[in-house]
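This is the structure I have questions about; it appears just below.
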Amino acid sequence: MALSVDYVIKETSTNIWRNRMVALAAMLTVALSLTFVGGALLFKQGVAKATARWEGGVQLVVFMETTSTPSESHAILSQMVGPNIPSVGSKPVAPGSGGMPQVKSVWHCDQACTYKEFKTLNSDDPTITAVTKPSDLPQSYRVQLQNGNQAPSVARLLNHQPGVQDVVYPSKAVSDLLRLSKFLQGVSFLIAFVLLVAAIVLILNAIRLAIFARRKEVSVMKLVGATNWFIQVPFMLEGLFQGVVGSLLAWGAMALGTSKFESLSNNNPFALTQALTISSHDVFTTGLLVVLLGAAIGAGGSAVAVRRFLDV
Amino acid sequence: MALSVDYVIKETSTNIWRNRMVALAAMLTVALSLTFVGGALLFKQGVAKATARWEGGVQLVVFMETTSTPSESHAILSQMVGPNIPSVGSKPVAPGSGGMPQVKSVWHCDQACTYKEFKTLNSDDPTITAVTKPSDLPQSYRVQLQNGNQAPSVARLLNHQPGVQDVVYPSKAVSDLLRLSKFLQGVSFLIAFVLLVAAIVLILNAIRLAIFARRKEVSVMKLVGATNWFIQVPFMLEGLFQGVVGSLLAWGAMALGTSKFESLSNNNPFALTQALTISSHDVFTTGLLVVLLGAAIGAGGSAVAVRRFLDV
Amino acid sequence: MIRFDNVTKTYKGSVVALRDANADIQKGEFVFLVGPSGSGKSTFLRLLLKEEEPDAGRIWVAGKQIGKLSSWKVPYLRRNLGCVFQDFRLLPNKTVYENVAFALQVIGRPRHVIATQVPQVLELVGLAKKTDRFPNELSGGEQQRVAIARAFVNRPLILLADEPTGNLDPGTTQGIMKLLDRINKTGTTVVMATHDVVIVNAMRRRVIELDHGSVVRDQARGIYGYGA
Amino acid sequence: MIRFDNVTKTYKGSVVALRDANADIQKGEFVFLVGPSGSGKSTFLRLLLKEEEPDAGRIWVAGKQIGKLSSWKVPYLRRNLGCVFQDFRLLPNKTVYENVAFALQVIGRPRHVIATQVPQVLELVGLAKKTDRFPNELSGGEQQRVAIARAFVNRPLILLADEPTGNLDPGTTQGIMKLLDRINKTGTTVVMATHDVVIVNAMRRRVIELDHGSVVRDQARGIYGYGA
């Protein structure tokens, strides 16, 4: 079955040119929908990075000096959870009698754990992660409070104790960001979903029209014994092409949008945008994902169209 | 030419049902694109309202007491633009010799002007505008500076002078908002434009498919002498229907989005969102505009389709 | 009723379909249009329907010169012209009754007119008992009767038929010819393009022969061809 | 070469198109399929092409029972069956040469095979001088010759023809029949559905008559009908 490359290219390009308006609309819609998908993913990654330390409801982090002794560390722990609990691991533990009433739970992040977190937070800067060893980094206690508003007062109590390097809690901006990001992601995915539906229908339609424009040729092909494969491939490639071109446009829009966003947040230091950093590595992996999605949409849409409308 | 209503309704609904997938995609895309158009317009209105006072590059406003005397007013003016300029009107005037070197230009906003601005700023609260008379409001000097950073120092110089009620300049948030809004509006309109193209193509396609599905009927109609009008009307109504339904969905999304936005900005007092207020009156007028746009898109798309593909 | 006055029609691609054709057909005549394939018979009929425009010459239908007709008046011209084709052109998802009624509905005839005229014409073509059948439940001959009923239900002045028996067997063909003859007897002018030697020779009506777009013979009570 | 074994075919809508039909056609035969409109002739041919599936009975083509054929093998079945129709089915935007070459291209024949076989078959059907014409620049008879060339270029075992002369005038029809006869003489089995009394009676080949889907006559050197 000689399905020659030049035959397929010629047929596919003729199809696309014949319905260029629909094909263009399909590609633009794919591009737009995938830009929303990619944008939402990047935003999510950016927020996750900016707030990694505060995941799981942590409201206070007590960093110990790298030079702190075990007894200093134990003294701090006792102050928070009471003397009856000798040590805590990576699972949150509620304070016993003699602990601080404001504290809801505490867990311990050792140097390995801190190093992992450090790599996440600095994934866009491999030179820093390369020169830093786990032993350079402080261990810490992660504290969840009964009430987030108490963070400053609790921090004051624990700070300046022997062995404590620093006590930090999320700024207003970060906690706002966490709340806002959920909402914006939801909206983005909703928009992306509607657009994906539109994109698939447009691709389906472009293929349907291509099939219709060639219905005479197709019926002759069937009559003289062309294989289904031979008849279908140009139409399926057309859909694939539309999906891939659309997703490449989306990739471009994402890269452009990210750099525009960065320059914007460098000029206007809102707490909001400043807290987000999106590495070019993130843009690249998300871009690849988006192209895969585009290819899947294109191939899927055209496969459905070929099935439904070609009837081979 | 009896074009009976039930005939037209029956034909139109049959058409839509037959290609319900494409019709749905068209309507959703119209809805989404018009949501972006409407959203961008509302945002623009919100920003314009929040920043009405700062239009045209005004960087400082000197409000005089309502009880201030003309000589007090004149003294302030002289201090800014020098003794050689006895008075300024609603056109900006540059300072002469003896004026402040930091000032670039000054214009005067009398009580009528202030009242007008007041009404704009409070258009969502008619009870306030009803009980306020122009004479309750202060006249003011609007000042453009050589350099926006000097606003605080200039304000300190002018404040507490006799007859001066207050000197205000835009906060960081407002000036950020002004810059950000330009960018976001641009992006919104770009997205809306792409989507509008997609929506029109989808409507065109829905009509094209409807015409194609009925090509036998249409050819018989032509043969037995049905008028062009009779043949076209159901198809054109189909496009109109899609445009109008899509735009009503957009209206709903805008209303929902606005209320969601308000509740969000009430909970999270960012300077950014807090500065914006969008009245339900704005939503209503923008909604009407959006429906008109949707009707135009639907009618236009179907008219083109009928012209191109019906060939009557 | 129909007059062609030096009519020439060239399709794009410089195919000359009619060349300086002249013809004059009176009310109530029955005319066969014969000639080899591609000689311009279908073009002759399409020009009457104003589906195509002539390049030169003038055409009169029912006393009006149709070259001067503005395009919005074309539908009204077509209401005077019933049309029947080789491939029937019935709507497959409508019953016999609905197919015929459709022709009246779409020109805006009121419901009571439709309710009286459709059964009447179905009676005439002999399908009074099959009003609720769908086209694919009928034989080819019966389908062509439905098509004739649809063409005739509006009582047109002229009935055009383009190879109406091209798909039919000889027995069925005879029945259709009898029907057309009966319609002709009501005063309707009938113009029929055909290749069927048997029926042309049997009916002995006026024959207009085309060849390469020219009228080469116009003979009252003629036969299919000198040679055939 | 072709065998129908108690074949019944019912279309949806309970139209019985073939009823318990039996036929056995040997290699190299020339068979006319006759019968009134709707008697099942086209259905007979469509079943051979596996465009339709029988409801009951078995069909053999070239020694294979095609009911057992999996759907991806259908294209290979069709390469053994050339097909010609009343309406030619040529591609209007391709020249004569391209129309014929297309049939070889789409089944993946290499370029040099196409370059030798297409001129050869165009020579056979007498169109060697019109290779660069487009279909609408040809007469109906010439167009049908192109269609026959396309059906025959792949040297199929069997040529199926569904009313191939239905649109043609008597003179042209004769030419086409001579061509089909010549193709038959090369050893190709020809099965032709037709309404044309004149050619069936003139050729005197095997005649299979269908009526309401049943084979009512199968006669060597037959005529169109007893009555006609």
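In order of appearance the chains are A, B, C and D, and numbering begins at 1 in each one.
As a working rule, a residue touches a chain if its C-beta (ideal position, glycine included) is under 8 Å from a C-beta of that chain, and two chains touch if they have at least 3 such contacts.
Bear in mind that the values here come from a model prediction, so they are computed numbers and not experimental data.
Touching chain A and chain B together: no chain. In terms of the distance between Cα centroids, chain C is separated most widely from A.
The mean-CA centres of chain C and chain D are about 30 angstrom from one another, to the nearest whole unit.
Rounded to whole angstrom, the centroid-to-centroid distance between chain B and chain C, based on C-alpha atoms, equals 61 Å. Note on chain placement: the centre of chain A and the centre of chain C lie 69 Å apart, centres being C-alpha means. Taken pairwise by the contact criterion, the protein chains form one closed cycle in which every chain touches exactly two others.
Chain pairs recorded as touching, per the definition above, are A-B, A-D, B-C, C-D. By the touch criterion given at the top, residues 11, 13, 15, 34-38, 86, 134, 136-141, 163, 166-172, 195, 197-198, 224-225, 227-228 of chain D touch chain C in their complex. Remark: chain D residues 49, 72, 75-79, 83, 89, 91-92, 102-103, 105-108, 110, 150-151, 154 touch chain A in the complex. Those residues of chain B whose C-beta lies close enough to touch chain C in the complex are 1-3, 7, 216-217, 219-228, 230-231.
Only residues 21-22, 24-25, 28-29, 31-32, 176, 179-180, 183, 191, 194-195, 197-198, 201-202, 204-205, 208-209, 212, 260, 264, 267-268, 270, 272 of chain B touch chain A when the two sit together in their complex.
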